[in-house]
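Structures given as structure tokens follow.
One chain, chain A, links the two complexes that follow: it is found with chain B in the first and with chain C in the second.
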Partner chain A sequence: MSKIETNASRRKFLKQVAAGATTATAASIIPSRAFSANKQLTVGMNIPMTGDLAPWGLPGYYGCEIIARNINAAGGVTIGGETYDINIATYDHGYETDKAVQGMKKLVLEDDAKMVMMLGGATVAAVLPWATRRKVLTTTLLPSDITPDSNYLVATCESHPLYNVTGVEWLARNYPDAKTAVIVTNNDVEYGLQSTATYQAAFEVAGIEVVDTNLHGFDVTDFAPIVSSVLDKDPDIFCMATSFYVTPIMEQLYHQGFDGKIISCTLDFYHEIIAKTSVDFVNGTIFQFPDFDDPALADVNFPDPGGFDAAFRADHPNDWSAVAWEYPVILLNWIENAQAAGSVESEAVTAQMTGSEQNFVFGGGSWWGSQLWGLDNVLVGKWPVVVVEDGRARIQEYGDLAAWLDANNDVLIKHMKALGLRTV
Partner chain B sequence: MELLIQTVVNGLIQSGFYALAAIGLVLVFGVMRVVNFAHGELVMIGAYTIWFVHAQNGVPYLITVVLAILLVTAIGLLMERFLFRPMTGDPLGGLICSIGMLFILQVIATYVGGEGPSKQVPPPFEGTLIILDSVRIPYQRVFSIAVAICALGILWYFLTRTKFGWAVRAVSMDREAAALQGISTIRVSMIAIGVGAAMAGLAGALMAPLTNINPHMGHNVIIAAFIVTIVGGVGSLPGAVIASVLYALFHTFVTTYFSGTIATISGLVIMVLVLIVRPTGIMGHRVSE
Partner chain C sequence: MRIRTVFFLSLLYAALIVLPHFLKYHQQDFLIFLTINILVVVSYRLVTLTGEWSLIHAVMMGVGAYTSALISKNFDISFWITLPLAGVMAGLVALLLSYPLFRMTQFYFLIGSFAAGEAIRLTWIQFIKPFGGTGGTSAIPSPELMNIDFLEPIPYFYLVLIVVSICVYLLYRIENSRIGLTLHAVHWKGVLAESVGVNTWNYRTLAFVIGSLFVGIAGALKVHYIGTVAPKQFDIGFMVFILIWVIVGGYRTFYGAIIGAVVLSILDEILRGVEQLRPAIYGATLIFFILYLPGGLESLPQKIRQKFRANRESAT
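Coming up: the complex of A and B.
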């Protein structure tokens, strides 16, 4: 399939989805599926909807519900000559591996899910043998889940935590006097250590010295001593790699008088951080996940980002997080590839995906990953650098992740190995 | 030097939370011989009360603190009446009941607060106290440690200067002998768990603006409370207070100068060593069978 055809098809599809959004409000009042003659096309979400990691699962489901509602209101989606309504089937594994396996089997065998979206980490590792054997197209937000044999596992949206390098690049360019950094994050392999290695590599490439790395457990109830400890190194930059405790750490930074630059992978629920500190303090914080009402998103490959943002916040005013738009991006990308493949079956869609050029949500888009994990199943492209301005998250630029990785993957591998992380 | 002073201050503030959380555990075990695994969840309910009543519905913080204490006290009394009293003389049964209660309270919190992100409470006392130009203490923490000290002082007065307090201590020392002296062990049990739950509710209410609030936060609280209780001497209230200060300072220093993970591991190792070398803890005493 040529790129021109793919682009035309994608634009048409995105327009249809955007048009559907205008009638979705009315459609949401009436259960449209009850009147639809379309077949049901089930997509699975095997995610944490309860427990500590629910904020990185549940908002994604809410986002996919909005997308499905819009698609169905627009008359469904045509794949291989058949028109379908999208049905989102979920399984809450609570980030427990045995439940994740059970959920995968339930979604595939009972719900007939044609693709299953997952958060990543231990739960993906648990389902991978079965899913690979059955050739179930599965998606993850953590490309470090990919192995040389995981042919049906793809990361088509978030390439956690690789994109963090774009924030460091922007910081180094805009604040050249910032020369020392400390890193604080949780000490788990899936999130904390992967992010630590990435930030260490990015700081090294940017000529910034990391003067302390503080890895803490998940039992911390008071961040005062940790923050006191690292601030004693007098850093120019405070980096929270992928911390589950951004709010209490930010609160301590505020009270302990830190006035340098703050960079973080996520800044979920930053309005709560502002409420606990101040707008002036949070302003200038650099992170990687935009709000979707940002005007800078006008040209991305996502139908009506502003409308999506408004619909999400109307339905779930306090639940927006980094994953709110990521699972919808994965869903849209899958539909686009299923349309191109003319099939909803995993083998055909996977072959279509990995065998053709892809349009990443923020632009660019190339398959990557064999250098680190033995398989090019990670879709990388442009990634936004977001900064809090006047109390709102605003995109500053789109960094070129693919270019950074091509130029510096040896530095990244060095830091990953130093932390004992798996690489090929 | 600045870091040293800041660390001492951080440790002393943390000790207030540990002491409040541990006291209830000590009281309940001392009087009823039940290890209340749900004690951390009582702290959690106190914190959730602040989030729901104060942060979500605008009731003034200080009023909500009182509400949190009353609510958690009521839950404690219900636990005494319907869980622990029927299990009198059966420590294992009481322990299993408390584990069941732990899950029930977590589910209630989830039902009230919903799933999703940890809850946050903006600090009612804004600003930071700056001492010696470099040591910084948020006013919320100053308030918390002041209230914790007052609460412990009132508890000390209650236990040492009132008849109810003497009765609690008597039952704690020898339940049968106290009963032979005409002390109502049922009433004393109610007082013990009521006071312990009230302290847990207060701890949760004070912690709420300073930490992530979620249904599982009691887990970390109970671990610290167990360490403090065992090091201080199981059943010893003065021991729990002294151990709280020592453990908080130790944990804070190790976290600051080494790492939080080493601090937690070291704390657990100390607990094990105390159990091996001095099972009675700092202030505990042997009880003949």
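Coming up: the complex of A and C.
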């Protein structure tokens, strides 16, 4: 299928899903599959739905349920001449490796899931030997899970933590007087250290000096001494590199009177942070994950972002997090590729995905990763830079991640190696 | 061994040999982990025989797991060699730790063992080389033997069944030997045991080292199947599960802890359909057992017998 044809069918599909949203809203109390003669097409989610990491799993499932509901209400999805209803099968591994292994096998062999979405980290490493051997298309939000031989593992939405460079680029351009930064985050390999190396590289490229880096353990209960020790360096910028403790750190910054720029990978549940500090304090904070009612999302490759945002918040008012739209993006990307491949089978869809140009959700889209992890299975494209304005997250611009990586991947690799992280 | 026991064990093993063939694929994995967990609780029971409840058993499992994983991966040494090495290393670490830990008893020992365990776990987190930090180490090779595919669950289950059976049998023999009787004496009549020349320190150390040795083997069995080892697998959360299995199952008999592990693991799996309510239902079940069956599940048959006897007597 040519790129023009692919684009045309993609636009048609996205419109169809958006139209389905209207129908689905009206009939949301009736399961659309109940009256459908379509075949079932099962997609798996092997994610944490309970435990500490549930906020990075469960909202994604809620989001996918909305998308599946919309697709099914619009009459299903046609792949290879067959029309299917989408069924989302889940397995809660609670971020336990043994449960993740069980979950993968249950989803694939018992639920007949054609693709399995995962959060990433040790749970992905645990399922990889079996999933690779069985050629099960698996997705992760952490590209650092990719290894030279993980041919069926792709990161088609979140390229954590690479996109953080776009926030630093924007900050450097808009606040040229900010010349020093401190980084505070948890010392885990999957999130904290990967993100720290990325921010260090981005600051170096932007000509900003990192004057202190505090990598703390997960056992910290009082952030006052950590925050005060780094603020002693009088930084212009306070950076939280994928911290699990954004809220207590922001509280400390507020109480200790920090008035510089704050940049963070995530700012999940930022309304709670505002409630604990103030709108004025949180305003101006830079991060990377938009709300989906943002007007700047009008032209992205996602069906009716505003409607999706409204449906999500109506169903689950307090559960929106960064992953709420990420798993749906992965699901939609997979459907588009399955349609282009004319098959739902992993081998065909994977070949279609990695062998063709992709339309990333925020624009652009190219495969990257071999320089760092040995395989070009990370889809990178434009990524939003989000700033809190009047208490709302608002997109400022779409940074060009692919261009930054092309120009500066050696700096990134240098910082990854310095922190002892795996590189090829 | 009594004929009734031989008959029961024969039936049990016959059932275990055919069982995986009737299970779904992911349930076969569940059976593997459950069998490994039986070794975990039985080895923990040996440590508790002296009256000392530690919070380091899960970490000792990790010591064995990391030992086997790192040696087999980095030095290309066979699983069949690293498996016993895992136990030896866990035993040696336990021996080393016994010097400071057994200066404490009771509650202080409990807290001390937790602190020592956390120190080991933080070592795995802080030293990315060689342990891999929080992400741990992956691509751990599976066992190799005569072209048997140990990545598949049924062959691996049989391997686990053999190893765990041998280990559980050895632990049973230890508990029912003169050493085991002495361990009981150290718990229930410590001062009396000392007065007749029993070195209670040595026996507490012995129980701790042997228990750690066997749980180290359990750790190696687990990670060579999953293919990855990470600190979170051996955190305080898993230790709490071990405690719960032993408490709910009962710790007065050898089989009490096994019943606890089996029943609660199956309950946890049954509740998988109601993800959001699972922790609440699991917790409520625990509270129920503690309130109404404080002797653990092992005391249930006796309670039922007593109830029947009382009813019969009141009827006559």
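Keep this in mind: the second predicted complex is superposed on the first by the 424 of 424 C-alpha atoms of A that agree within 3 Å, B and C clash if a C-alpha of one lies under 4 Å from a C-alpha of the other, contacts with A are read in each partner's own complex, and residues count from 1 in each chain.
Basically, a contact is a pair of C-beta atoms (placed from the backbone, for glycine too) under 8 Å apart; a residue touches a chain by one contact, two chains touch by 3 or more.
On a predicted model such as this, the values are computed, not experimentally measured, just so you know.
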Check the residue A:Gly217 against both partner chains and state whether it touches chain B (first), chain C (second), both, or neither. both
Quick check on the superposed pair: does A:Glu110 touch chain B, chain C, both, or neither? Answer first, second, both or neither. second
First (chain B), second (chain C), both or neither touched by A:Tyr245: first
Per the contact definition in the header, classify A:Arg133: touching chain B only (first), chain C only (second), both, or neither. second
I'd like to know which partner A:Asn318 touches here: chain B for first, chain C for second, both or neither. first
Considering only the touch criterion stated at the top, classify A:Thr50 as touching first (chain B), second (chain C), both, or neither. both
After lining up the shared chain so the two structures overlap, which partner does A:Asn187 touch, if you call chain B first and chain C second: first, second, both or neither? both
In the overlaid three-chain picture, which partner chain does A:Asp232 touch, first (chain B) or second (chain C), both, or neither? first
Applying the document's definition of touch, where does A:Pro161 land relative to chain B and chain C: first, second, both, or neither? neither
Chain B and chain C footprints on chain A, overlapping residues: 49-50, 187, 217
Which of the residues in chain C come into contact with chain A in the complex? 24-26, 29-30, 33, 122, 125-126, 128-129, 132-136, 138-139, 142, 151, 153, 222, 225-228, 230, 232-233, 272, 275-276, 278-279
Tell me, which parts of chain A touch chain C in their complex? 49-50, 90-92, 95-98, 101-103, 105-106, 109-110, 121-122, 125-126, 128-130, 133, 147, 187-190, 193, 217, 419-421
Please output the residues of chain A touching chain B within their complex, sorted ascending. 49-52, 54-55, 58-59, 187, 214-217, 219-222, 224-226, 228-229, 232, 245, 247-248, 251, 255-257, 268-269, 272, 275-276, 318-319, 321
Any idea which chain B residues touch chain A in the complex? 2-3, 6-7, 10-11, 13-14, 17, 110, 115-118, 120, 122-123, 128, 136-138, 207, 209-212, 214, 216-217, 219-221, 223-224, 252-253, 255-257, 259-261, 264
